[in-house]
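The structure follows.
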Amino acid sequence: MIEKPVISAARAAKMVGEGAVVHVGGFLACGSPRGVLAALAELGTRNLTLVCNDTAVLDEKNGRVTGVAPLVKNRQFRKMIVSHIGTNPESQRQMNAGETEVVLVPQGTLAERVRAAGCGLGGILTATGLGTEVQEGKQVVEVQGRKFLVEEALPGDVALIKARKADKAGNLVYSKTARNFNPLMAMACKTVIAEVEEIVEIGEIDPDQIHTPSILVDYLVKA
Amino acid sequence: MIEKPVISAARAAKMVGEGAVVHVGGFLACGSPRGVLAALAELGTRNLTLVCNDTAVLDEKNGRVTGVAPLVKNRQFRKMIVSHIGTNPESQRQMNAGETEVVLVPQGTLAERVRAAGCGLGGILTATGLGTEVQEGKQVVEVQGRKFLVEEALPGDVALIKARKADKAGNLVYSKTARNFNPLMAMACKTVIAEVEEIVEIGEIDPDQIHTPSILVDYLVKA
Amino acid sequence: MIEYVESKENIARRIARIFKTGDVVNLGIGLPTLVANYVPAEVTVILQSENGLIGLGPAPEKGREDKDLTNAGGMPVTLLAGGAYFDSATSFGIIRGGHVDCTVLGVLEVDQEGNLANYKIPGKMVPGMGGAMDLVAGSRVVVAATTHLEKTGGSKLKRRCTLPLTAEHGVDIVVTDVGYFEVKGSHFVLKEYFEPYTPDWIVEHTDADVQVPPDCKSWRA
Amino acid sequence: MIEYVESKENIARRIARIFKTGDVVNLGIGLPTLVANYVPAEVTVILQSENGLIGLGPAPEKGREDKDLTNAGGMPVTLLAGGAYFDSATSFGIIRGGHVDCTVLGVLEVDQEGNLANYKIPGKMVPGMGGAMDLVAGSRVVVAATTHLEKTGGSKLKRRCTLPLTAEHGVDIVVTDVGYFEVKGSHFVLKEYFEPYTPDWIVEHTDADVQVPPDCKSWRA
C-alpha cells in the first residue's frame, strides 16, 4: 500500500481554493476537523460553498464557538447547503439579510445526496419533502404508484473530515457519533483531507473494521 | 437490549412462505447461509422469487453445488433477480426454456436497488445500463444535463443472510468478502434471519464495529 | 369552569405509554426528549438518535462526557450495551426505511389532515428542518407532542397549517396536555381526555374538527 | 507474410504497462486477471475486486484458503496489508463514483465507437453481466482486452457491435495481441503495433476504421 502525505493543518487549509465547494464532516461539531477548520478560518479563503450538516454553534457570550461557526462569522461562505442553522444565529442573520445563500436540505436527503455523488449516482428518489417547500423546482417521479422527489447528487471539491484513527495508507476508523457525515464526504470530493487523532502502521487496523478505505483519502493531518 | 430468538435452520426455512420474495446473501456462495438454504431445499417451498447476486455453482460432475444452486435445481424459484447465472448451467437452461423468469440486473444496480428498499428510497438514478437491454421499459431522468436510468427499490419478504458473529441482541459482524450483499439485504426485508458462526454476549462487540445493528435482525440461526 | 394549565409532563407521561417492548423510537429535541423519563420500567424501548446511534442511554455523569458521543441536539449522552453506531446515510436509511417504529416530534402547528409544521416561521425563525422531514416521512407511527394552547391562548391544533409544512399527512397521533388524538381521514378523533378536561371543553378549545367517539375515555397521568 | 498467433500473454504484458503507481485497478475474470502477473516491480497498483475488497493479493498457498475470502470469480485470494473489505453497495459506489482509475475487461465484441459487448450471446450463452456494466459505466479508464482475431479468423474489433451491449461508448483503450488502440471519436487510433505485426497488416485484419497516426510506434513484449 502507498503511504499518504501527512501535512499540517495550515497546508491543508491552502488546498481549499477560492470559490471551492467544501464538504465538512461533523454534526454540531461532533466529528468536525477542528484543526483544519481553524487554519482555514485564519487563512480567510472566501466565496466558498459549504456542504455540512449544520452551521454549528455560535454562542460567543458563553464562549461556545464550534465547527464551521468561525468561518460563517468571517463570511467565508457565499452559499451554505445544510440541514440546520438553529444554533448559529449569525447564519440565520446572513440568510435573512440576503448576504449568504442558504439552502436548507432535509438531513437524510443531504446524506443521500452526498452519498450519491460519491457513489456515481445521478441522485436518489425520496418521499421526504413531498408537499413542502423542499419540493420547489424539483422533478417528481412515480414508482409503483407512489410519488418521489428526484434529489440530485451533491459532489464537492474538497472534503474536510475527521476520523479517530488512520493507518499510514489512509484507511480510516471513526469514533462513535463523530462518524456521521464523514465517511460519506470522503467519497464525494475530488480532494479528501482527513484530520485524525492517531496514525498507526499499515496493517494495524483490522480490514473488516475500516470505515473508509485508503483509496478515498488523499492527505492526513494530525489533530 | 432485547435478545433475539435463536432458532433452528428448519424453523427458519418454514418462515419462508410459498410465493415469498427471498433475498439471499452471498457471492458465488461466499457468505451465503448454507444451513438455512439446505433446510429450505429440503422443505421444497415453491413459487419463490429469488433476489441474489448469482445462482451460485452447480457442477455436480465435480461435486460442487453451492449456495442457492440446489433450490434452483429443485425448481423452487418462479423468478430469479440476479446479476450472474454463468456458473449454474441449470439456471441458464430454465431461462432459455422459459421455465423460470430470469431478470438480469447489473451487480451495482442490484446492490443499490436492495439498499434503496432498505433505506426507504423509491429508487436511484444510475448511468449503468444506459443504451443497453437493461434500459428497456425504464424511465430516464435528466440531471444536470446527463441522462440516468431510474432503477426502482427492490424490497423482500424474507432475508436469509450469513454473518461471522452475532451478539444475543442480533448485532452482526461479517467476515471479509463474505459481507457482500448481506448487510444490504438485512435492511430490505420484513423478516431477517441471520445464520451466524458464533453468538456472543450483548456488549462484547465494539459498537463502532457492528456492521448490521440489532434492530434489523429478527432471528438468529447457529451455523 | 376548567382552567388550562400547561403540563409538558402530562404529555410526556402519556406518550411514554404508547410504546411496547422492542419498539424503536426516535425522540425529537425539546419536549419529546422528556418522554424517555416516563417509559414504564417493564417496557424496553430502543432509542435511535439520527446523528448515528441506536441504543441511546442516559446522560453521562458530570466529568464523564465523551466528545465523540452526543445526541442530535449535540448534548453528551451514553450508549447502552448492545447499541451501535453508524453513519448519517445509514441512520436515515433506518429512519426512512421504516425501521423506526415511532417518532415523537415537537410542533408549531399540526392540522386535522395530519400535516405538521415545526421547522420554520418565515422571516422570524428558520432553524432548518434537520432530520424532522425524514422522520415524519419515514417512521411507521408519528406522534406530535404539543401543549394544547399557545401562550396567547390559541389552539395549536388547526384546521389547516398556515406555516411551511415539515411533511404532508405525516402525523398519526397528537398528544397534548388535554387529550390524545388520532388523525383519521380529515379530522381529529379524541380517543382520551385528560381530567380535569372534558370532551366538551376540548372540542370548544380546539380550532379544528374533533370527533368524540363513543369509546372516548378518560386518562389520568 | 505474417501469420497470426494468439498471445494472451502479450495482451496482459502491454496492459500491465498502462498503470502508474497508486492506480486503483479492477481486473475482470479470465484474460484480464493475467495482467496482475506482469505489472512491473517498480509500479504499485492497488487492485479492487467488486465482491468487496481493495488490496487484492496473490492466491493463497494450497491449504491456506479462507472460505470467506474470494475474488469476483469465487476463487480464493489473499488481502495485502492495508487492504479493506466493504459491502457490495460500497464496492460499486467506489466503482461508479470514479474511484477506480482503470478497469480491464474481456470482450466478445468491441466497436470503433467504444461500445462493448461481453455478457450475452442471445439464445446461446447468457452468463449475465455481473459487475461489468457498472465497471464500464463508472471507471475512469476502461481497457478492453482481447485477442485480435476470433478462432474462426474474424476481427474482434468491429465497426458496430452486433451482440447486446454491456455499455454504450464506454471503452477508452483496446489492447489486442497485435496492437494498442485508442477509441477517438468514431474510430480506432492505432497507437502501437506489436512486432512482428505491421500497421498495414493490422488495418487489413481489422473490420473497423483504424487510423494510423504519424506517432504510431512499435512495441515489443
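Note that the chains take the letters A, B, C and D in the order they are written out, and that residue 1 is the start of every chain.
We adopt the following convention: contacts are C-beta pairs under 8 Å (C-beta built on N, C-alpha and C of every residue); 3 or more make two chains touch, one makes a residue touch a chain.
Since the model is a prediction, treat every value here as computed from it, not as a measurement.
Common contacts of chain A and chain D?
B
Find out how few touching-chain steps suffice to connect chain A with chain C.
Step count on the best path from chain A to chain C: 1.
Compared with chain B, which chain's mean CA position is the farthest off?
C
When the contacting C-beta pairs are counted for B-C and for B-D, which pair yields the higher total?
Most C-beta pairs in contact, of the two: B-D.
Just how far, in Å, is the C-alpha centre of chain C from the one of chain B?
The mean C-alpha positions of chain B and chain C differ by 35 Å.
Using Cα averages as centroids, what's the distance between chain C and chain D in whole Å?
56
Distance-wise, how many Å sit between the C-alpha centres of chain A and chain B, to the nearest whole number?
The computed centroid separation for chain A versus chain B comes out at 32 Å.
Determine the centre-to-centre distance between chain B and chain D, using the mean Cα coordinates as centres, and give it in whole Å.
Going by mean C-alpha positions, chain B sits 29 Å from chain D.
Going by the contact rule already set, what residues in chain A reach two or more other chains?
In chain A, the residues touching two or more other chains are 112, 115, 119-121, 126-127, 174-176, 179, 207-208.
Residue numbers in chain D touching 2 or more other chains?
Within chain D, the residues that touch at least two other chains are 53, 79, 85-86, 89, 92-93, 95-96, 137-138.
So how do the chains connect up here, line, ring, star, complete, or something else (other)?
other
Touching pairs of chains, all of them, please.
A-B, A-C, A-D, B-C, B-D
Applying the document's contact rule, which stretches of chain B touch chain D when the two form their complex?
27-31, 53-54, 57, 82-87, 92, 95-96, 104, 106-112, 114-115, 126-134, 164, 174-184, 211
Show which residues of chain D lie in contact with chain B when the two form their complex.
Contact set of chain D toward chain B: 49-53, 66-74, 79, 85-89, 91-93, 95-96, 120, 123, 125-134, 137-138, 164-169.
Okay, in this complex, where on chain A does chain D touch?
1-2, 115, 117-121, 167, 169, 171, 187-188, 202-203, 207-208, 210, 213-216
Looking at the complex, which residues from chain B come into contact with chain A?
These residues of chain B touch chain A: 112, 116, 119-127, 139, 141, 143-144, 146, 148, 150, 152-153, 173-176, 179, 206-209.
For chain C, which residues count as touching chain B in their complex?
21-22, 24, 44, 46, 48, 53-55, 79-86, 89, 92-99, 137-138
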